[in-house]
Structure formats: C-alpha cells, structure tokens
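What follows is a structure written as structure tokens; I'll ask about it next.
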Amino acid sequence: MLLTVVTLTPFLGAVIPLLAIRYGRNFCALATGAVTLTALVLLLSQAPGVYRGDVMTWSVPWLPMIGLSFSFFLDGLGLFFAALILGMGLLIILYARYYLSSDDPLGLFYFYLLLFQGAMVGIVLSDNILLLLVFWELTSLTSFLLIGYWSALPKSRQGARMALIVTGAGGLALIAGMLMLGHIAGSYEITEILQRGDVIRSSPLLLPTLLLILGGAFTKSAQFPFHFWLPHAMAAPTPVSAYLHSATMVKAGLFLMARLWPVFAPTEAWFLIVAPVGLITMLIGAWIALFKDDLKALLAFSTVSHLGLITMLFGLGTPLAAVAAVFHIINHATFKAALFMSAGIIDHEAGTRDIRRLGGLLTLMPITATLSIVAAASMAGIPLFNGFLSKEMMLEEAAHTVYAGVEWLFPVLVTIAALISAAYSFRFAISTFFAPPRDDYPHQPHDPPFGMWLPVAILVVPVLAIGILPAVTAGPIVEFTALAVVGEALPDYTLAIWHGLAPALFMSLIALSGGALLFAAYRYANALRLAFPRPDAKRIYDAVLSAVVNGARAIIETTHNGSLPRYAGIILSAIVAVGAVGFLNAPHEAGTRTIIPMSFPAGGAWIVLAAICITLLFWHRDRLLALILTSGVGLIVSLMFLQFSAPDLALTQISVDVVTTILLLLALNLLPKTAPTKTAMVGRLGRGGLAAVIGLGVGALAYAVMTRDFQTISDYHLAEAKPGGGGTNVVNVILVDFRGFDTFGEIIVLGIAAITIFALIDNAMRGAAARTLNSIRHSVQSKDAHPLILVVATRILLPLALTVAAFIFLRGHNEPGGGFIAGLIVAIALIMQYLASGYAWAAQRARIDSQAMIGAGIAIAGLAGLASLFFGWPFLTSTYTHVDLPLIGDIEIASAIAFDLGVFLTVVGVVMLSLAQISRVEERAEREPVLRGPMDVQLRQGRIVGSNGGGA
Amino acid sequence: MIVLACTVAVFAIGAAMLLNLYRLLVGPDTPTRVLALDTLVINAIALVVLIGIYYGTSIYFEAALLFAMVGFLTTVAYCKYILRGNVME
Amino acid sequence: MTNWIIAPAILPALTAAHLILAWRRDIRMQRIVSVAATLALVGIALFLYHLASDGEPRVYHVGAWPAPYGIVLVLDRLSATMLLLTAALALAVLVYAVAGWDARGRHFHALFQLQLLGLNGAFLTGDIFNLFVFFEVMLIASYGLMLHGGGARRLGAGFQYVAINLVASALFLIAIGLIYGVTGTLNMADLAVKVPKVVAGNEALLRTGALLLFLVFAIKAAFVPLHWWLPATYSAASAPVAALFAIMTKVGAYAIIRVYGTIFGADAGALAGVAVPWILPAALVTLLVGAVGLLASRTLLDLAAFNIVASMGTLLIAIGVFDVDGLTTALYYLVHSTLTGAALFLIVDLVATRRIDKGGALVPGHPISQTPILGALFLLTALAAVGLPPLSGFIGKLMVLEAAYESPQFRLIWLFVLVASLMMTIAFARAGSIVFWKTEGRMTGPKSANAPIPPIAVVALLVCGTALLSVFAGPAVEAFKATAEQALNPADYIDAVLGSPQNVMPSTGH
Amino acid sequence: MFKRFVPHPLLTLLIVAVWILLDGLSWGTVVLGVILGIAIPRLTSPYWPDRPHIGSPLTILEYAVIVLWDIVVANFQVAYLILFRRGDSLRSRFVTVPLDLRTPEAITALAGTITMTPGTVSADLSGDGRALLVHCLETHDAEETVATIKSRYETRLQRIFET
Amino acid sequence: MELLIASAVGLMTAVGVYLILQERTFPIVVGLTLLSYAVNVFLFAMGRLVINQPPIISGADAYTDPLPQALVLTAIVISFGMTALIVVLALRGFLETENDNADIPGEDLASEAEGDK
Amino acid sequence: MTGIGEFAIAALICLAAFFLFVGSLGLAKLPDLMSRLHGPTKATTLGIGSMLIASMLYFLLERGTLSLHELLITTFLFLTAPVTALMVAKAHIISDKGSRKALPPTGRKCSWAVIDGPQAERPAQD
C-alpha cells in the first residue's frame, strides 16, 4: 500500500505547483519540495525493514486477462534508486527555483517535473513488468515535455522530439521484450521472474528477448549507437539536464539491467553484448567530450561515457563488477549533478558556457569554482574523491577480463577511456577557472545566491565524504543495493582508498598522468581528431527522419491521388480476386433444374438490350444519347419483369425510370453535354477488361444459381399472405407486412435523399455555384416554352392519371400496385403539368409542402406501425377486417393500408421536392425572362392575347 | 386459332421492335431516336396486351396503362429538352 | 419489456419526421428536440445494455411474424454494446455540433437522427436483407451529413464517397442474392442452421456469396485496399460529422463479427470461418497504410483521418485472431478507437478554427488562444491514439500484442504494431510541436472568456472516457469477454430466434 | 347546390366512367367513383382554369364517329404508302392551315384529329395561334387538303366548343 | 431463357462497370444506373425464372417466389433515391468547380512551407 | 364459345400485328423524320386499338368477363399520340436547319411558335 502511495504522491502532487504558483515562486517551490519530501520520508521510513532484509510487496489486479497488475515491491535496489530519484529531486526543485527566470512558467515546470519523478519512482518500484512499461513510457513522455520546456527554441523542440522518438522506439522494443519475458517465465511479476532464471535462460527465445530488452535499456541509457540523443536533450533547462540526463532517467536503463541481472548475467550473450557496448560507449563518449567547448555538451558526453562504464560493469557479469557498478552510480550521480548545476550557474553568471570564452572564474566566483573543482576532480578520478574509488574498482574488474580470448583488449581500452576522461575533466576545470580571466563578460560574474549554490554544496559533501571514508559512508548502501542486484551473497570486497599495488593502481596512474599530458597536448589531439571523418549523428538522424516523412508523402500522395477511376478500379479488382479465389476453392456442380425454352420475343428483347448496351459502350460521350439508350434498357428490363411473373416490379421499374430520366435531363441541361475523349487506348482496354471479367463473373453466378433448385422460406409467405396478411398480392403483403420493416427503412432512404438534395441545392444559390450558374449561357433553341397543345393535353390527362393512381393504390394489397407505385403515378401526373406549363406556374397551383409531406409520410408509416403496440402486439403488426357497408357491400380494410399511405405520401413528397429543387437551380441559370403563363399562346373568347416576356 | 394468331403477332411485333432498334441506333438525329424509343414503347404495350391474351390474364394491363402514360411523358421530356434545354421551366 | 428493443429504431425515425414536419426553420427547437431525443436514446441504450447483460439474447419479431419468415431484431451483448457506444458518441458529437456547426446547412438534426436510426437498425437486425436496408439508411444519411455545409472539396470527396458506396451496395445485393439463391433464407439464425447443411455442389456459390458479403463489410471497415473513400471523406466532412463517422467504420467491424461469428462461425461446416483468413493480412496492410498516412499528413485533418485507418488496422488485427481473446481485444479496441478517433477530429477542429491564417495546415502559425487546455487535450488524445500510457490506447496495444501471441504470425503482427506505433509517435510529435510549439506572432482565436465551453468540454469528456476505459480496464474487459464468448457461440442466438417465439401470432387469423 | 358540388359534371362523369372501366361495375365502385369524380376535379381545377363549356353530346358523338372512320381509312392509306411506295418518291410537304378556332381545347382537338387522320400530321402552331402547321405525307393539292380539314373538322369543332 | 437473362445481367454489369470507371461524373451516374438494373435483375433471378405464375393468390396451383420480388422492389426504390442524390451531387459539384471530373479539388498545401525544421 | 368470335379475335390480333409492323417499318424506311412520323402515330394507334379490342372480345367471349381497362389504355394513347407527334415535329424543326427553311409562311405577321415563340395578335395580311 505504502509503496503505491510513494509512487502516486508525485503524480497526485503534480497539480499542487500549478495551483501554488498563484502565491509566488517561493511558495510554489516549497509546496513542490514538500510533495517530494513527503514521498522521500515515506520511502525512507521503510529503509530499516529493507535493510533488515525483508522485501515488501503490494499488489492489486488491473487487467488480469493480460496479467497487468498494480504491484510494487521494495528491496535494496528499488530503495536505492527511489531514494536517489527523490533526493536529487529535492535539490533540483531548489535549484530550479533560482535558475528559471521569472517569466518562465515555474508552476508548469514543477508540474512536469513531479510527473516525471512519479514515473521514475514507478519504474524502480514496480513489481509487474507491464506496469513498469507504463511508467517507462511515461518517463519518455514527461522528458519530452521537460526538454521542450523552452518550446520557443528550435533546439529544444528538436531535442525533445529526438529524445521521445529514440527512447520511444526503445520503449517499443522493451514492450516486446517484456511480453516475451513474461510469456517465457509464465509471470509478469519481477519477483517471480527472478525465481525462474533457469527457465528463461533455457528458452529458445532467450536471445530475441534479451536483445529487445537491451534495446529498451540502451536507448534510455544512451548507449552506443543510441547515444546521440542525449547531448541534444541538453537543450533543456539545466535543472532538467542535471536531473534527467545525469542523475535519473538515463539511469533507468541501468536500473533495468541491474534488475534483470540475476536472470541474464549468467548467459554468454549478456557478456558478449553488454560489456563491449558499454566499453565502446565509454570510449566514444569520453573522446567526444574532450573536444566539446560547450560546458554542458562536455558534461553530456562525459555522462554518456560514464553510463557506458556502468553498463560495461553490469555486462561483465561478475558480482564484484555489479558492486562497482552500483558504487559508481552513486558517485557519478553526486559529482555529475554537481557539475551540471555549476555549469548552469556559470552560464547564468558569465552569460556563456563556451570554454573558449571562459576563464579566471576562480577569483570571480570562488565558491562555485571550489565546488566545481572538487566535483571535476572526482570525475577525473583523483584519489580522495569518490570518483576515484569506483573507477579503481572498475579498472580492477576490467584488468582481468578476457573478451573473445583476448586478454589485453579490455584493460587497455578502459585505461584509455579513463585517460581521456581525466583529460576532459582537467580541461573543464582548468580552462574555466584557472585560465587568465577575460574582460568580455556581459556583466561581472560573481557567486550566485545561496539557494543556487547550496544544492551543489550538498552534492559535493558526499563526493568528499565517500572519497575519504568510503566504507563508513557508502559501504552499507552499496552492499545492500549490490546484494539486491546480485540476489545472492556477495564475495568479500572492501571499499577503501588503498588496495595495495594492484594492477588497477597502475592503470589509474597511467590514466591520470596520460590525461594530464593529453590535456597539455590538446591542440595536437584536436588536430588529430579533425583529420578523421566525424559522422554527425544529428544530421544522420534528421536525414533519416525527413527521408521517412518524404517517403511517406511520396507513397500516400501517389496512391491517394483522388482519382475515382483508379480507386474504383482497384476496389473492383480486389472484389474479382477474392470472389474468384472463393469460388475456385470449393466444390461446384452444374445445376439440374429444367431450363425454360427460349422464346422469340425474349430473344428479340435480348437483341435490343445487347445492341443498346454495346452502343452505350462506345457512344456514352454523347450524353443525351446515352440517356435515351438507358431509357431503352429500362424498358427491356421492365418487359423482362413482366415476362417472368413480376408485374409489381414492372410497374415500379416503369414509373421509377421516367422520374429518373427527367432528373437526369434536368441535370444534364446544366452539365456539359459531351465529354472529351482523353483516356488512352490502354486505359480503355484495361477498364474494358476489368468490366468484361466482372460482367462474365456476375452472369456466370446468375446462371449457376438459376439452373439449380432450392428450398425457400417464401412458401410460408404464399401460404400466409391471405389468411395472415389479408392480401392476395403476396409481394405487396411482404412489403407492407411480412417485411414492412424493410419498407419502413426504404421510404426513410427516400426521405433522406430528398432532404439531402434540398440541402445541397439550398446552398447552391450562393458562392461559387451561383457564379457558375450566372455564367452558364443557354443556347435556347425554341422560343416556345409552353406549347399550347401540350398544355391542353396534360390538363386532360391529370385527372385521369390521378384516378388511375387512386385505383392502383387501393387495389395494391390484392393486385399489382400499392402505395409506392401510386405515389409515383401522382408524381408523374404532376410532372406532366410542370413540363407543359412550367414549374413556376404549376408550383403556384400545387398547394403541397413536399417537405411536410415527407415528414408526414414517415410519421404516418411509423405511427401506423406503433399502433399495434397499444394492442400488445409488436411494431408493424397488421390486422384486417371485413366491413359490410350498405350499397357498397363487403369490403376489406387492412391496417397495412395506413402504412402504405405513409409510403405514398413520402414518395410524392420526395419526387416533388427533388424536382422542385433542381428547377430552382435551372431558374437561376435562365438567361431570358421565361413566360410564367400556363401556355404561351393565350386565346380568350375569340381574342388572342400575345403574352411574351410576361415574367411572374 | 387464337394461339396461332398470337404467335404470328408476336413475331410481327418482335420484328417491329427490331426495326425500332435500327432507328434508335442509326438515328441520325436525336428527335428520330426519341421517336424510335416512343415507338418501341408502343410496341411494348402491344406485346404486353398480347401476352395478356396469350396467358388469358389481365394482370399485366396496368403495366400497359403505365407504359402508355410514361412513354408519353418520356418522349415529351426529351423533346422539351431538345426544344428548350430546361424541361421544367 | 422487449418492446424497448424497437425503440432505438423508432425514436430517431419519429424524431426526424417531427423535425422535418414541425421545426424545419427553427434551429433552436431543432436543437432542443434533437438533444432531448439523443439523451433519451442514451437512456434506452443503457436500459437495453442492462437487459442484455444477463447473457440471454432477446428477440423482437417485427410484425409478429415468426422467424425466419418475418424480420427479427436481436438484442444480445454485442448489439447492446454497439448501441450504447453509438448513443454516447452521438450525444457528445451532437452537443459539439450544437455550438454552431449544425447551422451551416439545412436539416442537420434530421439527418443526424436518421443516421442514428441506420446505425441502430444495423446493430439490432437479425436479417441480412434488413441489414442491407439499414446500411443504406446509414449511408445515405451519412452522405447528407458529410455534404453538410457544402464547399468544393466536400462535394468532390462526397461524390467519390457516394459512388464507391453505391458500388458496395450493388455488391451487397449480389452477395445476398447468392446466399438466398442457395439457402433460400435471409434470417441470420436460420442461415446459421442451413449453411452447414449446404450440399457440396452448391458450396462454391455460397462461399463466393459469403466472401463478397465480407468485402462489403471490408469496404465499410476501410480495409486496405478498399479504404480509398475514407481519408478524403473524413477530412472533408465537418468536424462533428467526421467525429460521428468514427462509428461508421466500426459498423463494418461489427458486421464481420456478427456474420462470421454467427452464420459462418465455427459450426458452419465446410464454410466455417470462410472470411477469417483474409482479415489478418489486410489488417496488417491497413495498419501500415494508416501509419504511413499519418507520417505523410499535411494537415491536422489528414492526421485525424489516417488515424482512423490505422486504428481500424489494429482493430482488424484483433478481429483477425478471431478467438475469444481476439474478439475481447477487438471490442476493447473498438470502443477505445471510437472515442479517440472522435476526440481527435473535434480537438483538431478546435485548433484549426483558432489558427486563422493557417487553419489545419501543419505549418508554423500564430499561437492560439486557450493553448494550455487545447494543448493538453491534443496531447492526451494523441497519447490515446498512439498507444502511450496512461490512456486506453496503451492497454489496447498490449492486449492486441497479447492476443496475437498465440497466432503463428505473431512476430509479424508484433513488428507491424510496434513499428506502426513508432511512426504514429513521430507523426503526432511533429504535428503537436508544429502547432503548439513552433508559433510566432500575436495570439489568434477567441479569448477564453468568450469561447464556448461545451465543445471543449465534449473533447475533455471523450478523453475522460478513454481514461476510464484504461483505469477500469479490468471490469470492462470482463464484459467484453462475455460479449465475445456470446458472439462466438451462436447456439443461444439461434435458439432464441428460431426457438419458442414469445410475441408471435398464431400463424393465421391475424 | 349541385353546381357547387360538381363544378365540372362532364369531367366527373368521365372519371366515374374511368373508375368503372378500371374497377369493374358494382355498387361499391360506383360510390367510390362518384367520390373520386367529385374530389379529383376539385383537386385539379387550379391546373385547368376556365374550362370550356361543351356543346351538345350528339355533335360530339357525330364528330367522334367521323374521326374514328377517318382513322381507319388513314391507317390503310399510310400502310399502303409505306409498303408499296419508295420513300423518296413520296410527295410530302408542309401546308399551313389558317384557324378560325379560338379555344385552346378546340385547337388541340383539331390538331389531334389532323394527326390521326389521312396522311397529315400537325407539326406546330403559329406564334399567335391563328395558323396550324401541317405535314402531309402524300399530297398533290395542298389547298384541297386544307379545305377538307377546315370543312370536315374545324367547323364541327367550332360547333362543339365555340357556340 | 436462363442463359438470356444471365448474359443480359452480365452485359449490363459490364457496361455499367465500364462507365463507372470513367473520369467524368455523368457517365459514372449512368453507369451506376445500369449497374443497379443489372443487380436488380440478378437479385430477381435468384428466385429462379418462372413464366406466368405471378405471386397473386388466385387459386392457381403454383406461384413464383415472391420474396426476391419484394427484395428487388426495395432495392429499386433505394437505388432510385441514391441515383437522385448522386445526380444532384454531380450537378452541384460541377456548379461549384466548373468541371465535372470525379476527382477531389485539393487545398494544395504542397505550396506552403515545410514543417518543423 | 363461337367460332366467329374466335375468328374475329384472331383476325383483330393479326390486323394489330400488321399495323404495328407497318408503323415501325415506316419509321425505319421513310427518308426524313416528318414522313417517319406518320407511321408510328397512325399505324401504331390503330394497331394497339385493334389489339385492345381483340383483348376485350377475348375476355368477353372466352372468359365471359368484361374487361374494360383496354378502353382506358386506348383513350390514353389517342390522347397522347398526336401530342407526341407534335412535340417530335417541333424538336425536328428546331434541330434541323434544312426543314426550318422549307416551312411555309404562316400567313400571319409572326412565324411559327417553335421559331419565334408567342406573338401578340396582328391583323391578318391580305
């Protein structure tokens, strides 16, 4: 429980600075410090128990299905790191209070910082490795925010993104690795996993698992070749650099290696991979650091180098190496953080961090100088400072390390590395503090306020204390921590300054003296460096990233080029492919149903259809012709429906076609009348081929099904239509009753189509569309808009048509017909008026609100369906009854007719609304005033009244 | 006898339809095509009525009726389009 | 009691009718009625979810005709979950739209309600042709919504969207035709009974039908290479519409689970799992294309649109596994990606509308007002989308990886998933730092004082949703697991539909 | 009273007739037919302003008989021409028929008649509605054709519509 | 007969698809119309071909399968609505952009400056 | 059932078929549109007419049921055929320059409606 509290305190406390900042920066800093302090105190309260050797765990399930749980445990290692994180945190909070200028949002900074702190603590206290992953990713994220804190600076933004991407990539590898580890070990709890070391080591998946996990660790801890992100992260404010990039986050990778040390260290692969990677990192880091002129850059690469050192130690796989590693983690944390802070102070005071422009600060800012020199001495590995001790142990371990049978390899290389690090340490200290003072400082540098150098001082104390009395001061911590790492009793060792004339001593001396010489010969060394090619990781990274982005754009923008023919082509090809595979991979037998003999009219109709289709294929660019031909197709299809006993379909098809034709004609009037032939022959062949294949496929499927018998549920419909549905026209009964719900959806589709058309046209009267409309020049052929004879004819037809419609509607339930067809006939009758006398004139007389009609239609259909609920029957339950009226006699009334009425109204409304809308556009496009009269030639009681130009 | 007559008629109408098709495709001008389509519809009506007689059912008459109305409307629409462009001004 | 099953279909329909009839010209009343109706829908969905949570499918015989002759609606855990998700999303989106988007064209609210009708119908129906009908309702309403507001780009994308979906509808009919032509039935449960009995000679036809049907759903679910309509459509649609569309692709996923879990499920004999082998490869490619698209994005809208593609890829991977764990994961990811996708479209809209000169373009521009809150929301949404903790995306990712572990191609899947999330990380980091960090000049956008709160609140709410989904992953996944088990074992479903009809009339004498 | 209910008795009658044609003869249909016959004219009257008053039914009947007979004849004529004459040998031409008719309905009726009867098709109306453009498939004497049209049809139509 | 219908369906499908694959909106619309004819006939044919047995209960001994007819009816109506919509959409798009290509007018961001550098 | 009736029906059917064929033949054969118009507008109407009479007779004599739909269809056709012809003719005149030249004068101030559109009345010229 308490562990969770420790972890959650920074998270929950994170909001406090955001609120506290209102009451000033000091209060904000105090509040934030208080949060961290609370966590630290709570943690340390457990220290005695841990040092008594008992491991405390706590766990609640989170997502059992994948083994994710909120489980924490505390042992020496966890305690050590957690304390390190929180303790450092306190100092950083204090330091940042003074470091950040008053126009930096301090509250936000502390907010990010606490989130980061919580994530770090979470990593080191998690027992469940999936939970650890959560915190791991959170550190990447929060460090992204912290590095990008000064988001105005390009360097910060790029550094932040680089850090996020590199560590994020590592994090993804780690996810994979951890999941595999969990599956191998059969548990996601570290405590369990540590028990199952041998199971893991014997697994065939060991190597991939190890590599993936190391991928995570190496990226986080900036190991070669992933080391390049760390220096760029130094664009962050110095407190961030000091905290994340020297003391804590970069140690997360080391922590992971330490945590899983007992599992992996015994394996050959571990040593062969980790040790050299650490060594190389150590060398390269040191070498680059030596030539950095920016203090922070120098420290950054030095950090890389030291992380390499620790990694190598873990990689060596011996208990004593582990002890040395732990010891060096402590020491490095102290002196490096101190140095970062001093660098920050110098930057603050001298206005620059460029070694070449610094000098003589010893006299100008003595306190800072003294503290820095001590820390630098430790970094150089000079005796009496803590850096010396752990480095000594490291050299000792390396001294008798044989890699791939080569004895000298490790000893020599580590000595060189140590030598270089001595050199850059000297360079750091001497050229900053001792070199002749300069006079070009923006303002006289002097020691910063107490609060700013205090943290440095606090850090320098252990540097000396440990350096002089290691066994007393650091002894127990190192022991318990190392114990937790190794997981078994440690061999004898002593933390002492003097180990006698061990090889390490000589290596150390070589390193120091050599370092001094190298610093003295700095100019030549630099010349030597410049002689060799120096790959710039940043440039490579940028190149790769922009290549990725540009590549992605190339891919997307060439494939998603907005060409519908291509899209449709690909989709249709995919359909063909899948369909073909599906058909060919299953047994198929020809049908046995008796074929209907061909008849002459059918053959004739077929010829007509085929001829029309083929003509359409070649002449579709003459759009009016295409339309006329399509009407022909519709005619044949309707006849086909009649031929094969589907009168209702024929009626529907016939009436739908005419309305469609008129819609298309209206549209075509404004659209281009012909299309240019611009498709290449090849393209046409390709499309033709695809079309042909699809046509063949569909035809073949149709034939295959038509030629076999089958059992269908519709026998029930035939049987029940009359007794159950009260109608003899089974199709209609199905539509309004058995499957009335389909019809309900169907009329809603129509309704939506209409109101969408309405909305579409509604905004065509403004903007670009309106401009186009105005620019359209109609070459009106005839001046005769409303031919008299046509007008008169349609006037006679209207009442007849309506009568027919009424008839079709009423008989629909028993004979071919129904609400839908009736609605279309009414619409057609009205369209006739529009055609003859013009939309404007006719619309004035049609007192129908088509939108209301649609709404009413849907509502009536819906309510007709709902009515049955009141009688305890489901939606759309129909009933019918026979009433015996005087004179008229027995007539049957089916409740489904109400539903059909809804259909009727919707259809009329939809057609009328659509046509009305398009007519509005047409009107807008008209050039000359159109006669609003019913007929252009107006004859009255023997007098003729000319009426041209009579606009309404 | 009626059946025979029907058969003859079917052939005659079928032939008529093919002639219409010829006009429809050959044109030359759009009004001609429209007229051809109109005639095609008229023949279709005849065919429907004939089928009605042949099968002795009156179920198909509404189809014929509708063909008559719709054929007229379609033809007029096309002509109006040729005459005015906007068929519903 | 069971009458409530029809409510999710009837309520929106009548609301829409009422809006068209009564409040055509009164946007205020439209808003009130629409929001009220959607609230009621949420209530109904909650009730139905509660109803379904006892694990027994409930059948509603529309028109009181016995199955398989009439149309049945079936309420089980799966449909209930989808209904609830849809209703919740709809409410959020509607509140967002009411802030002004809805007034940019006519009939927004009617179309919105009818869109809900289509979705709900599709989730409830137990009849494949009725499924077609409600797909059409859903689609045509989506055309209306997508075109809402007009504009050249929207019209162009809209035409493609409509054209491609019309082709898909044609395919749908052909598939239904084949299935009916062989089995002679349309009712899903009845099909589940008859498909295993199909004689060998007809197998090829039925298999073809099944696969063509699968392709229809695949187009809806934006499987690459059938996804072409999606990026343009979604990035052209108005923000709230695009946000609502986050559920549209899921309908495809739902239909796949329903049809290939029930009709062509494990007991389907020769046709068992007919479509399953196709899912995984396509899903991987989809994920990859989505990720590449994210990297290639030039605008925030592209980002949001391709995020849908990528998330569908991940979701379909989970479906591709097609066992209980797979579907459980799929359902979790479905909910997660719906909330996230919607939130992303909305936050992107909030940002773009504030960047006066640059809009959604991913180029440096002015700093925008309310950066802290908007930035935070964008960051959180991005986290959810990319799959970083602490939101549901990370858990979803872990679940997908876990579910895939048993599959023989788990290495491939892991590679794709992890590489894709790296690419997504890069894309979102770029976008975020350009829009929120790389700014210069004066601040643009409404002062936080006079900026409407609801839109931001909606985004925050959606983000909270993903957070809750993450915190309470345990119980959520329990529910999804039960849902997946029910979906993969159609026996109960079949019994419920074909077995003792509760509210069916005696066969004659209606 | 009756006038108020049945503004257009002829149309009403026509509708009732049509209804019976459609629905067959029974009390029910008659009743329903009458209802429609009253309702539909009221609905459609706005589309047909100032409907003409029609002359005595007898004259209409006489006219109808004549026209029907002419149609039959016309068909045989045309059939002959089509079958046994080479297309280019036909002496087809346009002729102008000046009109005395005034009522649109009358003019329409005349045009229709012309089209349905021997070898003539009415093709257009003059801008002021005072002349009819007629196409003759085969004519040697245009004047005679025009004369027959006017005497045989127009006069009768005048009696029907314009007295 | 079956062969006639099947080939007719195939032919209409092929032509419809070919037209759908054109660049301009109008042929695409015509193509979609043809395609829906084809699909409707296909669906209709799934009830098998039967001559002169319309599903009108009249004491006849056999009737054709009414169910596909009902389905096709619904399909016809739906495709009618869709056609109406897409026609207007094509028209509207043309009015907006003055060209009737079925592609998407881009916002051409390519011209604008690159992202973060 | 009378042989005469049957014969009449058969004859009518054949007559109908004949006229329908001739009408379409005219459409196909005749040289220019105006001449082609004559075929369909007349022949077909009579063709349909007699077909419908045949049908009526058939149902009356063979089935003993009075089927009158045919009359309605005829009415429609006789009402619409002339108008169709007129519209086609107008369309033809407009789209074909040659025939426009060939038109006779109206004998009025104004030209034909299809060309000039509606005109105010002017005194006849003579």
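Going by the order they are written in, the chains are A, B, C, D, E and F; count residues from 1 in each one.
Just so we're on the same page, a residue touches a chain if its C-beta (ideal position, glycine included) is under 8 Å from a C-beta of that chain, and two chains touch if they have at least 3 such contacts.
Quick caveat: nothing in here was measured; it's all calculated off a predicted structure.
Note on connectivity: the fewest steps through touching chains from chain B to chain D is 2. Of the two chain pairs examined here, D-F and A-E, the one linked by more C-beta pairs in contact is A-E.
With centres defined by CA atoms alone, the chain at the far end from chain B is A.
Look at the CA centroids: the one farthest from the centroid of chain F belongs to A. The distance from the centre of chain E to the centre of chain F, each centre being the mean of the chain's C-alpha atoms, comes to 35 Å.
Rounded to a whole number, the gap between the C-alpha centres of chain C and chain E is 25 angstrom.
Averaged C-alpha coordinates put the centre of chain B at 12 Å from the centre of chain F. Chain centres here are Cα means. That of chain C falls 58 Å from that of chain F. The set of chain D residues that touch two or more partner chains comprises 18, 22, 111-112, 122, 124-125, 127-130. Counting only residues that touch two or more partner chains, chain A has 154, 157, 161, 549, 562, 564, 568, 572, 599, 603, 643, 647, 668, 698, 701, 705, 710, 712-714, 717, 738-739, 742, 746, 749, 752-753, 756, 760, 764, 767-768, 781-782, 784-785, 787-790, 793, 797, 800, 804, 815-816, 918, 937, 943-944, 946. Multi-chain contact residues, meaning those touching two or more other chains, occur in chain E at positions 20, 25, 28, 38, 40, 42, 45-47, 52, 54, 56, 67, 71, 74, 78, 81-82, 85, 89-90, 92, 96-97, 102-104, 106, 115-116.
Under the touch rule stated earlier, the contacting chain pairs are A-B, A-C, A-D, A-E, A-F, B-E, B-F, C-E, D-F. Interface residues of chain F facing chain A in the complex, by the touch rule stated above, are 72, 75-76, 79-80, 82-83, 86-87, 90, 94-95, 113-121.
Touching chain E in their complex are the following residues of chain B: 55, 57, 59. Here chain E touches chain C in the complex through residues 20, 25, 28, 32, 35-36, 38-40, 42-43, 45-47, 67-68, 71, 74-75, 78-79, 81-82, 85-86, 89-90, 92-93, 96-97, 102-107, 109-110, 112-116, going by the rule given at the top.
Within the complex formed with chain F, the chain D residues making contact are 18, 20-22, 24-25, 71-72, 74-75, 78-79, 81-83, 87-88, 90, 92-96, 98, 111-116, 119, 121-131, 133, 135, 137. Against chain A, in their complex, chain E makes its touches with residues 1-15, 17-30, 33-34, 37-38, 40-42, 44-58, 63-67, 69-74, 76-78, 80-85, 87-92, 94-98, 100, 102-104, 106, 115-117.
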